[in-house]
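As written, the chain order gives the labels A, B, C and D, with residue 1 at the start of each chain.
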Amino acid sequence: MAKPKVPGLFKGLGVTFGTLMRTATEGSNTIQYPHEKETPPIRARGVIALHEGNCTSCMLCARSCPDWCIYIEGHKELAPPRRAGGAPRKVNKLDRFDIDYALCMYCGICVEVCPFDALFWSPEYEYSEPRIADLLHDMTKLGEWMETVPEAPELEAGADKKGKK
Amino acid sequence: MWSMVSRLKREVFPLSSTDTTTEAPRDERRDAEMARITGALGAAVLDSLVKANDDMWIRVSADAWRTTGETLKSLGYSYFCFLSGIDWLPSPFGKGEEDPTEPTPERDSTIKQGYTGGATRFQVIARVMQPFTSLGVNIKVDIDDSMAIDSWCSVYAGANWHERETHEMFGIGFNGHPDLRNMYLPSDFEGFPLRKDFPLLARIVKPWPGIVDVEPLPGDDEQEGEAS
Amino acid sequence: MTMLGDRQQLAYIAAQAADARVNVELETEGMTLNIGPQHPATHGTLRIIARLDGEQVVWAEPSAGYMHRGYEKLTEVRTYPQVTALVNRIDWLGSFANEVPFILAAEKLMGVEAPARAQHIRTILFELSRIANVSLFLGDLGVQLGAVTPVFFAFRDREYVLNLIEAATGGRFHPNFDRIGGLKDDLPAGFIDETRMVMKKLRTFCDQIEDLLFGNEIFQSRTRGIGVIPKDVALQYGLSGANLRASGVDWDLRRDQELPMAWNKADWKVWTHPDGDSFARCWVRLQEVRESTKIVDQLLDTIPSGPVMAKVPKIIKVPEGEAWVSTENPLGEMGYYVVSQGDQGPFRVKIRSASFNNISIVPWLLKGVYVPDIITILASLYFILGDIDR
Amino acid sequence: MSSALIAADLAYWAQSLLRVLGGLVAVLLPAGTVVYLFLFKMMSFMQSRLGPMEAGPYGSMQLFAEVGKWLQKEDIVPANAQPEARIFKMAPLIVLASTFLLVVVVPFGPDAWFTDFEVGIFYALAVSSVSVLGILIAGWSSANKYSLLGGLRAAGQLIAYELPMVLAVVGVVIQAGTMNLQQIVVAQNAGSMFGWNGVGNPYILTQFVAFIIFMISVQAELTQTPFDMPIAESELVSGYMTEYSGFRFLIFFIGEFATAGVFAMIASVLFLGGWGVPFAWFGWTDMDSIDNWMNVVGPLILFTKMIVLVFFIMWVRFSFPRFREDQLQRFAWKILIPVSLVNIMVTAVLKVAF
């Protein structure tokens, strides 16, 4: 230590004064929230979006949910055949797909297990409600979130590109 | 003793070459350690198990529980890691993941103990470690119908809270424990939550949402209504 | 050294009692002070029942359980992936670090090992969560001792780390990123450069905290010699992590235990302090943040390429067996004793959390100290309520 | 003293009204400025944030918003404090009263003062202790253990720090040869150092030790960090203020910062030359030759000096951790008091020698 010893009390005063000057000249580290917003990262788990057409009511997400916050009901329907002349297919059509965000703990297991790519994460976060019951998002509301779902991010160098979806 | 142990550490764990491990010497290390433990404990050890490159288990008789702690401490296992209980009864309630309209499935209720076996439904498991070498030993002990065992408080001071927790969660008593009040639960709470026959109400009061609820086409049979 | 702290405390109490006996007519009944469950110093809902003589503590005992969530019971009805989502809520400030030992235990039972790249990234995220956790401790320490500014510095710079964790895992607080056999996903592009910059900021933060707090004479007079834990007592109570190392025990599970993680691929130092007092504990933690930034920096240079997921079946069934894995978490030794009976979920999980042991020494430690020292000692022992109550 | 109050020929009730208004301005204006400038803005900037930004331009109306909020809140008296509710309710007023009593003797200009006591500083030090009573009453009557501890700590602390403060002032009094604050100001500005009167003779230069001790004591008297054990939010929740809500808390809050402002004024009167500028700059020699415009500029000068001193008080407050109660007492009795006694001795010897 070649530097002369400064009493710790004055060093501490220096730190706070330095920060004062830095905030005054370079701006603060905070954001004035309602006026400007931070963009969350692409992967941020904000809200779950539902692509209704892909869902087959297979119940995998509802079963894998750790706190049982997904409710699914459906019915069977006849859909036009894939090839001309084929028999009409029987498909499962959703009647109800609710996620209770008051219970959801944002673990993402449902999105991960979905075998038909019907669930996606969107980084949107502004959906707080004054009434807790309004946090139960139904099919249409979950479908609206689809517009906000971003593309998956590029991976870091050295990653195994042919990996997952 | 500290210096001895730390020298041992330097010999066994050269920091730079930890990634080039070879299986054999480590096994010898645990085997030797186990021989030392069983030698010191003598007849108290009912069963022992060394898993190569993994861990050590011993099961001791209930009346030798306190002396086991004392002996292990004198063997250098001065770090108290944890103490808890295990209820080996398979849960009579399952995971709550069944259709309430179906009849309750038959459940296997045979008690099947884990490593080093056992004879009773409840076991107490404790783990102590040798600092620096990071060798640890898991000690199990059977709890008979008296549901009590000697306390380790006087051996490892840290066992105090762990025993209190085990007492309230499993109902296992600890003779000689200074103060077995409940830690978490209200003092008039009835039942022992971590016993398997204590139902987890959250999974019982709410119906499982995983039941397939897809209405079949009007013309279809009931059997075909199952989800694909 | 061993007996010294104890004897000092006993002598102090004895002297107090003698004083009280002399002034019989002045002898007053002690006052019982409930510190908590709602109290600014018990970040969470710990309650400390202290019997006071004036401002001196005659007897004190923590009473936990106001946030007991019964995780050990909950794990019994959950599958392994679901348990992972659960356990990162135990120590909510260093959440990724909670997942790792559980996943390692499950991997041990299944006999799989994560690919090298996954191990590397795991270690990086583990250390990032340590930084996020302990840097908040450093700020909070200031608040506990009456300095308001450090905690804002801590939140400021911790935010960068949380942003990193969020960019990689999708969750700021609860990543749920670790999977049996590897990781959920690879790192997003740009993560490495970003992390390097953040690590620089964190080192500046450490310097600032050192100047603002650790060098401050008032801080030193408040923490030095307060709450001395001798080495053998620390071991007996099962103290771990920085609390143990501050008592002079040179033991770090990251270095001394072999796990399929990448700590041994970096060059770093385990800091210890001979004093065992509150200052030592805080100081060791400060150094640990610095070492963690070093570990992260070095590991970023050497991330191997390849997959991040080993071959594991889609529906995970863990074979019968028992496994214990513990790691050196931000708060200390965090371990899971997993008993499997071949099911999709564990049969029994014993969660050995660091704070539970760390805080169990409090009744021993608080005898004879003053009310402000209770706060100092609690702050320096550093507990997270979720980690005590589980 | 030559001239009386500016409006000496007004009726008594008009004079009283003017005095009351003036007192309110002299207490509330500094308090508001201190809160906005230091508590809201400087503290935030030191912590890399901006502080309140929504109410008014740059958040300048925030204090009014806060006052509005507090006034709307319920005035809660804890159940156990009900039997003595009157005393409980009275406590904050006593604390605020001591602030108003203090500002009475502060001179703002050659003719701008409320009263002109011959023993002004003696009076100021005496009434400043009245706030201890209020705090002790608040702590005791709250029927709360934390409040009680806080109140007792405050009593012990304020008594311990009253003494070094008095002793520090004694040095100034010896040098000025008067206890009248107005004359202390004049003595500093009319004085000269070794024949050079360019800056007058502010006592901060000759009485630097006393100045430091006085400021430390002020810090303790105001219960600001590092001496904020009576409040100690991490230990005692909020000390004697714990049970107060609504406008009674507001009074404590305003009282704290108003007292900070008033004490900073007294310190600048004692050590920085008060409202005055060195008289030699304008060729004044004594009170009577001062131009009348100093009655307008003087308060501004005093205000500026006050802001500078409060800046230091707050800077320390936002940077330091707090002492422990016994350390504080030790610091007062073993360091501050002996040092100030030595200071008095040296001052006296030099006074006699020159």
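In this section, a residue touches a chain if its C-beta (ideal position, glycine included) is under 8 Å from a C-beta of that chain, and two chains touch if they have at least 3 such contacts.
Remember, it's a predicted structure, so these values are computed and weren't measured experimentally.
Chain centres here are means of the Cα atoms, and by that rule the chain farthest away from subunit A is D. Closest to the protein's overall CA centre, chain by chain, comes C. Rounded to whole angstrom units, the spacing between the C-alpha centres of subunit A and subunit D is 54. Annotation: 28 Å between the Cα-based centres of subunit A and subunit C. Averaged C-alpha coordinates put the centre of subunit A at 37 Å from the centre of subunit B.
Inter-chain centre distance (subunit C to subunit D, centres taken as mean C-alpha positions): 44 Å. Among the residues of subunit A, those in touch with two or more other chains are 9, 12, 15-16, 19, 29. Listed for subunit C are residues 78, 149, 153, 156, 212-213, 216, 218-219, each touching two or more other chains. Chain pairs recorded as touching, per the definition above, are A-B, A-C, A-D, B-C, C-D. Considering their complex, residues 63-65, 68, 70, 72-74, 76-78, 108, 232-233, 235-239, 249-251, 253, 255-258, 264-265, 320-324, 326, 333, 335, 337, 339, 341, 345, 348, 350, 352, 356-357, 360-361, 364, 389 of subunit C touch subunit B.
Of all residues in subunit C, those touching subunit A in their complex are 78-79, 81-82, 84-86, 89, 117, 149, 153, 156, 159, 163, 166-172, 174, 176, 184-192, 208, 211-220, 303-309.
For subunit C in complex with subunit D, the touching residues are 31, 33, 39-41, 55, 142-149, 152-153, 156, 212-213, 216, 218-219, 221-222, 370-375.
By the touch criterion given at the top, residues 7-9, 11-12, 14-16, 19, 29, 40-45, 64, 66, 105-109, 112, 121, 153-160, 163-164 of subunit A touch subunit C in their complex.
Every residue of subunit B that touches subunit C in the complex is listed here, in rising order: 6, 9, 13, 15, 18-19, 21, 54-55, 57, 78-82, 84, 86-87, 90-91, 95-96, 112, 114-115, 125, 127, 131-134, 136, 138, 156-158, 160-162, 169, 182-185, 193-194, 196, 198, 200, 203.
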